[in-house]
Amino acid sequence: MKSSLECHIFRLLPKTDLLESLKTFLIHENISAGCILSCAGSLNPAVLRLSDHDYGTYYDRPVEIVSLSGTVSTEGCHLHMSIADEEGNVMGGHVLSGSKIYTTAEIVIGQLPELKFTRQPCLISGYSELIISKTLT
Amino acid sequence: MKSSLECHIFRLLPKTDLLESLKTFLIHENISAGCILSCAGSLNPAVLRLSDHDYGTYYDRPVEIVSLSGTVSTEGCHLHMSIADEEGNVMGGHVLSGSKIYTTAEIVIGQLPELKFTRQPCLISGYSELIISKTLT
Amino acid sequence: MKSSLECHIFRLLPKTDLLESLKTFLIHENISAGCILSCAGSLNPAVLRLSDHDYGTYYDRPVEIVSLSGTVSTEGCHLHMSIADEEGNVMGGHVLSGSKIYTTAEIVIGQLPELKFTRQPCLISGYSELIISKTLT
């Protein structure tokens, strides 16, 4: 589905929770459909749910956020991230709460004002999946 | 070159081909210039052409898409991707056909309506490379 | 803070410096606030400052850029990148000068025309950090 785009940018301070701060921002700005456009920052620790797992894996050391991507909405976020450690090794997965900002995180969100994202159980995948609808205007 | 931006978002279902579904979408929406803005999803298998290779490498296990980036057009796509496996290890390269959606892929495309992308052989790189031109209005 | 978005796209030629070319482009187009929206390309060598380091690490072999993300401005850039080598291994960190284009780099920048980015020392992180302000109109 199609929409125009408006941008939001903010910086997160050390020790704040990446995912919880994002959710608070989405509610405050009433963003019912959007996506991550760009991010540079660092975390310590980082918490990822790895592929085919149902629990989180902790990375208890300073890591750079080298990619953050996915959809956001007041109804839920689906974000994947890759992080790089002191040796340059990169790990990746699904972003969970508990990832704390180390020095900074500069985040650019694209809001899709004509759309609304919700999530509903999907019989094909077996998970709660993205439903995209037009906002009433 | 400069352009305004319009957004398209869609979800791909399990077992569909990532690159072929994207191409079908670009033709259906007649997108002659655009780029990937954001993506969260999973694949099984994933197929990447690794750096300095001329053939594909298969990853025959469930992986998360942790980054998908590059340019798209009805005249051709140039997409790079990184994927993360069950241990969080990340692999990356050039996206090839054969990568199949595992549970979902939420993809946000930015369309550049004032531009048109084509590809022509480049004497400097030795490859077919991106040519950017203004659309006639 | 909120802004509309305008897009710029360009291709970098082999042997040009990724970061220096970006800075030249930002000055030429007078972009005082923006971010990387998408990128596909390759480097040889690539230079990254790894997490918790204060010097650069060289990767002296052809690598694919699999993600490039962060904020850009005539007043400074903050870019993180992940790169993939011939075996698909991914390394990541903070982008430094010295990374040279191998075959191509297709880069899409989003300009936020209502905003201006500067950098000022931050007492909390101990580093020079992003300050976002409205442009006077």
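Observations, loosely collected:
Every chain is named by a letter (A, B and C) in the order it is written, and numbering of its residues begins at 1.
Here, a contact is a pair of C-beta atoms (placed from the backbone, for glycine too) under 8 Å apart; a residue touches a chain by one contact, two chains touch by 3 or more.
Remember, it's a predicted structure, so these values are computed and weren't measured experimentally.
With steps allowed only between chains in touch, the distance from chain A over to chain C comes to 1.
Homomeric contact chain B/chain C: same residue numbering on both sides for under half of the interface positions.
Each chain gets a centre from the mean of its Cα atoms; for chain B and chain C, those two points are 20 Å apart. Across the assembly, chain C contributes residues 5, 37, 67, 82, 90, 110 that each touch 2 or more other chains. Those residues of chain B lying in contact with chain C across their complex are 1-5, 33, 35-37, 48, 50-53, 57, 67, 69-71, 78-82, 90-94, 110, 112, 115, 122, 124-127, 129-130, 132. In the complex of the two chains, the chain C residues touching chain B come out as 5-11, 13-14, 37-42, 61-68, 82-90, 103-104, 106, 108, 110.
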